[in-house]
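Common to both upcoming complexes is chain A, partnered first by chain B, then by chain C.
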Partner chain A sequence: MTLHLTEPRTGGAPVHSPESRKPVPRKSQRGSRPGGSSIDVQRKKLLIPFVGPAFVLYTVLFIVPALGAVWISLHKWAGSGPMKFVGLDNYGRIFRDQLFLSSFGNTLLLLFVVGTAIFVLAFALTLVLRDMAGKKIARNVIFFPHLINALVFGVLAGFIFNPGGMVNTLLAPLGVTDPPKWLAQDNIFPLIMVTLVCTTTGYFTTILMAGVDRIPPYYYEDCALAGASAFQRLRYVILPLTWDVFGTCAVLWTISSVKIFEIVWVFGGSSGAGVPPTQSWTAAVYTYVNAFSGQSTPAYGAATASAVLSLALISVLVVLLRRAMRRDAVEF
Partner chain B sequence: MGKTARHLRPLAALLGAALALSTTACGGATDASPAAEAVDISGSISGQTINYWSMWKDGEPQQKVIAAAIADFEKETGATVSVQWQGRSNTEKLVPALNTNNVPDLVDGTFAKLAPVIGETGQASPLTSVYSYEVDGKAVSSVIPEKFTSNGVFKGEDGQPWMVPYSVSSDGIWFDAAQHPELKAKPPATWDEFIEVLDKLKASGSAPIAADGDIAGYNSTWFVTALLRLKGAGSFKALVEDKSGEGWDDPAVLEAARKVETLVKGGYLNSGYNASKFPAQQQLWANGDAALILNGSWTPTETGSYAAPGFDYSSFQFPAMGDNPASARVDFIGFAVPAKSKNQVPAQRLAAFMLNSKYQNALGTEAKVLPVRPDAPVAPAVESVKAAIDAAPATHLQNDGVTFPGFMEKVFFPKDDELFLGKTSADEFIGKMKAAQIQYWKDNS
Partner chain C sequence: MSEHKLLAPLTTRRRAGRGVSPALRGERSILRGIGVTLLWMVVAISIAALVWMVAQAFRDTRAILDDPWGVPTSLDFGNFVRAWTVGDFAVATWNSLLTTVVSSVLTVAIAAPCSYYLSRVDNKLTQGLSLYFILGLGIPAQVILIPLFVMLNKVYLTDSIIGLNLVYIGVSMPFTVFLLTAFFRSLPLEMEEAAALDGTTAFGTFWRITLPLAKGGILTAFILQVISHWNETLLALTLLQSTEKYTLPVALISFVQQQTYSGADWGGLFAGLVIVVLPMLIIYVWLGRRLTEGLTLGMGK
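The block that comes next holds the complex of A and B.
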């Protein structure tokens, strides 16, 4: 059965039928009491004091800067000094820029390829850990990498993959005299992807496990009695009952994957001493280099244009994702 | 619509208020920058206060010297200096501050970082008066070597200088003189002699050159310096400025690329240079596992903590090519005063004050960097670099001073990396650069 969250607003009986959602004619409201029931009046009185401050802060700190970014993206501007209006030129230029396209491609790789790997692994781990002894400890262990600053992985990559690093030192006794060039420019992005899978899986496993733990054990008993296979149990019990958690995780990953920046910067940027090789740029890195590389005149217009484009494309993705994942939440 | 509208109306009012509030907060952002004039900076500044955003962090050797100078400055003039030791990100913080009326009165940084944000955007005050101000009885302009200023690097669009350097950095091909006394006795002067040295080192079994190939700025030094040796200081910038891209067809440009190719194909670079992470390669160089490294004058301080025992830092200049006089790389660290500063006089006086020999000497001997004044002594490790700068007839900036938006990071570095890391040949590099540069100027003019 599905749960309806529509709250009774008029103080009367719960509203369920679609007809009653139609706006009540104004006349009848005026006729009874101005502004509706006393609860309604109270609610309206409290709207401004409660919502107001958050709304003002949100507008000043997020909405206005976002609109400001759109405005800047229509200009050629070095961050200070005169602004030159160029219309949509910055956008056209970005779409022609192979580097932006490849950077954005990398962002999509992170979003979809790394995302898929994370969720498949997280789900598998969830199922394994559910019946495991000592699952609390295991859960903490796999969550731990998520707590570590990405900078650490960037620095660690050097120790592990440098020509004289750990991996090659371990391979040498095995007769590998010509090991792969781990940190060559073309290999850095795949390494970043693997690192992200390792560090992020634990985080989503933890959230999914919380969802799975919520499922009452009698469903599993039912499954056992009905002779369901492990796959059927997954298909008919676990997946439907954790679908909403799953959907939230997918949105969380979509949003955070678009902003991935620091790990790319330290992995290939020599811990901040330079700009990472273009092969490993993401859209966020592209934006940053345009505005703040420190090695050339800042191009704020192009930087904000790429930020606005990323925001727009991601908003579309999130909406599509929400649509694709939409199911009626199962009440249990 | 009844209910929704009634909820929306107050929200709309709030939105309006918030918008009004935030736009007033940003007021002044579009103010045209004031057309600044040089000011007279003689006269008393007692009782005045300036705000200084420093590129140094508390405890750094340079910070200690500047802090001592500020203490003396306050005592001598009666002015007050309020310092924020911000570190290298001070220029990033400067950009948004320049859009407000709350700017620092004095900032310092490398030329490469200050020029794009304050010098070329017309946001800096002309410091002509600083150059004519006297320190130790001599005008500032006469204690700074003429070759540093004669090419007009510090001049803004109005033709007046906007930066006053107090320290410089340079580069060289570094080696351990204890291991290779022959290089100190007779450094290779020409490219052919350089290759001979490399061949000898290779034959002796040690890797000739270490390079942290993941730092594009280090990689580009090879090609850019080779080109400057062949065509003179300023030729790389001229090549890049050419909107037709035809400059890349010049045989000398191909020649410079071929020199880099020689190093790569000849196996003179330490194996693994193309797949390692800074500072792995300079570490193994400091341990004696490779003989040479092309790097900045900061190399002795940067590698000092892990260098092999008895390491004796010395360097020689990038070898000469052809008959062109070899210029020395000189990057500047110095002061600029934002045009919007309301305390021009004391800020400019402090900029001049750092050029007193007392602090210049301290920069050389205590902070162990290169002071801008040639008469200041330096630490033994950088003596070879100082000698090279003193002897050079001209100077050039890192990357020849190219700061076109995104050009180095997005156009030049990726292709130069391919050349230096052995992924493309010299001819392919030229072709790719030409096409990319034509496209760049089509998009950016």
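The block that comes next holds the complex of A and C.
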């Protein structure tokens, strides 16, 4: 973990050479911690003014609500009026709630199925891009969707998959006279999954590329000299050397997939009530609807219980991933 | 895009021999050819989709529905005017702009000194604090949604741009502190030490030496915040209730939902999408390299 934190930004700070006029640099590495030099002592006094504001804002607006969520999830509460302590009852309740199970199942689908698809594709793209002409252009283009609000894709999908929309007009000349009802309630979620694969792969490709680009070229030359096949090169050079980047990407996807909300919310236009069909709900949508949709009495307890479970899912997976991906770091 | 075009620059490059051995120029297998072709198709489709979306924003709904492949015949801003006035996008754009800029500036301004401290002082406390900040990276927004709403409601900060700004600042702390700490660590210490020897105070070295050196990293952090705050939807949707407070994503959602009653105004909708996407495109074209670098560095945790 820290290995990456301290990774120097190449190209970012070309500071070394121009400053060669000053006297021989003291042999003080960053870790020089005798605590003696006056600048260090002075610096330590900056704790409150420097760290204070960030610490307070972060604690009050992030950590306290997160702890509050755990607290609320142990209560039966409609948002106003008295809170009734019910212990773990809410958790039991949502596990008996068919709606929650399917929402949580959808989140798991996003996490694992979409995740796998993204990784396979991103890795394939990385291998293709690695020594391709015009790789910068291609990489820049496929990265861009990451910067667009997922709402946009949801709305566009509504247009493209309309009964009289573009997909069907494209399919008509191919002899498909009876195209599937793309936006039927049962079909929306698979479509969302496909859309997510399309829009997210580029981002992970960019990260993987950064890892692959770090591999020094002489490894490949070695491979060529040793007569390694393309597969062997992949198996014994590229994969081991990008393993940690894979781990990072997996953690990133775990975290970001669990909060997927807006694309589900508007996908294919809304269904009138302002709430998407239940078949396409994710855990995040479940939380939001249960608390704020105004359709029934808000069930803050159940809603936060669902959110806390998502957090638990993330924590468990991140710990597992860290363990599974841990290998002897290959220094190069 | 044909194979020919793709291979041509490759061969010339190899001949030019930019210090790359032939061994690196991969094997020309069929599989690879297919991959390359597919990739360029994806690239072409992505660009085409973007251009198409912008083009549709200049056509009226009837024309769009009749022929979705068509191009605008004239530069008609009618859709934008309608989205701007009827769809409340004018107010929403202003709110989004204000929120994005204010919260991003403040986020960076608050996170930078903190990151500096965490990167320069190395003891048990700062290690603990760093971990404490990183923890937030893993907490999804829906967890804090309800408690945040309850808390802000108590102090009358729901349905308020100020409240939303505060929330964005708090929520952005983990990532920004994390990114900037990594960045400050990568800066050399020599100049700070020289300044300290010359009698500059600790604050002075930060203000006059490190900050100017760190301009690049700080700008990157700022831009990344601009992007995430411009696109943030869930928190804004929860915390804002009245139309005149809506940010763009919320306005877009309400615009979409109005259409289930009033019939689809695709022209206006496309105009709305363009208003959401275009600023991101401009930023990306302008500062793209810095962005991808920042993201890949910051995310390399």
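In this section, the second predicted complex is superposed on the first by the 269 of 332 C-alpha atoms of A that agree within 3 Å, B and C clash if a C-alpha of one lies under 4 Å from a C-alpha of the other, contacts with A are read in each partner's own complex, and residues count from 1 in each chain.
The criterion applied here is as follows: contacts are C-beta pairs under 8 Å (C-beta built on N, C-alpha and C of every residue); 3 or more make two chains touch, one makes a residue touch a chain.
None of the values given here were measured: they were computed from a predicted structure.
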Contacts of A:Ala124 with chain B and chain C, given as first, second, both or neither: second
Which partner, chain B or chain C, touches more chain A residues: C
Partner chain in contact with A:Pro240 - chain B first, chain C second, else both or neither: neither
Which of chain B and chain C A:Val51 touches, first, second, both or neither: both
Contacts of A:Lys181 with chain B and chain C, given as first, second, both or neither: first
First (chain B), second (chain C), both or neither touched by A:Ile314: second
Intersection of the chain A residues that touch chain B with those that touch chain C: 9, 26, 44, 47, 51, 55, 60, 63-64, 68, 79, 158, 164-165, 270-271, 274, 292
Complex interface listing, chain A residues touching chain B: 9, 23-24, 26, 29, 35-36, 44, 47-48, 51-52, 55-56, 59-60, 63-64, 68, 78-83, 93, 96-97, 99, 157-158, 161-165, 181-185, 187, 268, 270-271, 273-275, 277-278, 289-290, 292-299, 302
Parts of chain C lying in touch with chain A, wherever the complex brings them together: 6, 9-10, 13, 20-27, 29, 32, 35-36, 39-40, 42-43, 46-47, 49-50, 53, 65, 68-69, 110-111, 113-114, 116-118, 120-123, 125, 129, 132-133, 135-151, 166-167, 169-171, 173-174, 177, 181-183, 185-194, 196, 201-203, 205-206, 213, 216-217, 227, 230-231, 233-234, 237-238, 249, 252-253, 256-257, 259-261, 264, 266, 269, 273, 276-277, 280-281, 283-284, 288, 291-293, 295-297, 299-301
Chain A partner contacts - residues on chain B that touch it in the complex: 1-3, 6-7, 10-11, 14-15, 17-19, 21-23, 25-26, 30, 32-33, 91-92, 95-96, 98-99, 112-113, 116-118, 120-123, 212, 214-218, 271-272, 274-280, 284, 399, 402-410, 413-414, 417, 421, 443
Parts of chain A lying in touch with chain C, wherever the complex brings them together: 1, 4-9, 11-13, 15-16, 19, 22, 25-26, 28, 30-31, 33, 37-40, 42-47, 49-51, 53-55, 57-58, 60-66, 68-69, 71-72, 79, 124-125, 127-134, 137-145, 147-152, 155-156, 158-159, 164-166, 169, 206-207, 210, 217, 220-221, 223-225, 230, 245, 248, 251-252, 255, 258-259, 261-262, 265-266, 269-272, 274, 283-284, 287-288, 291-292, 300, 303-304, 306-308, 310-311, 314-315, 318
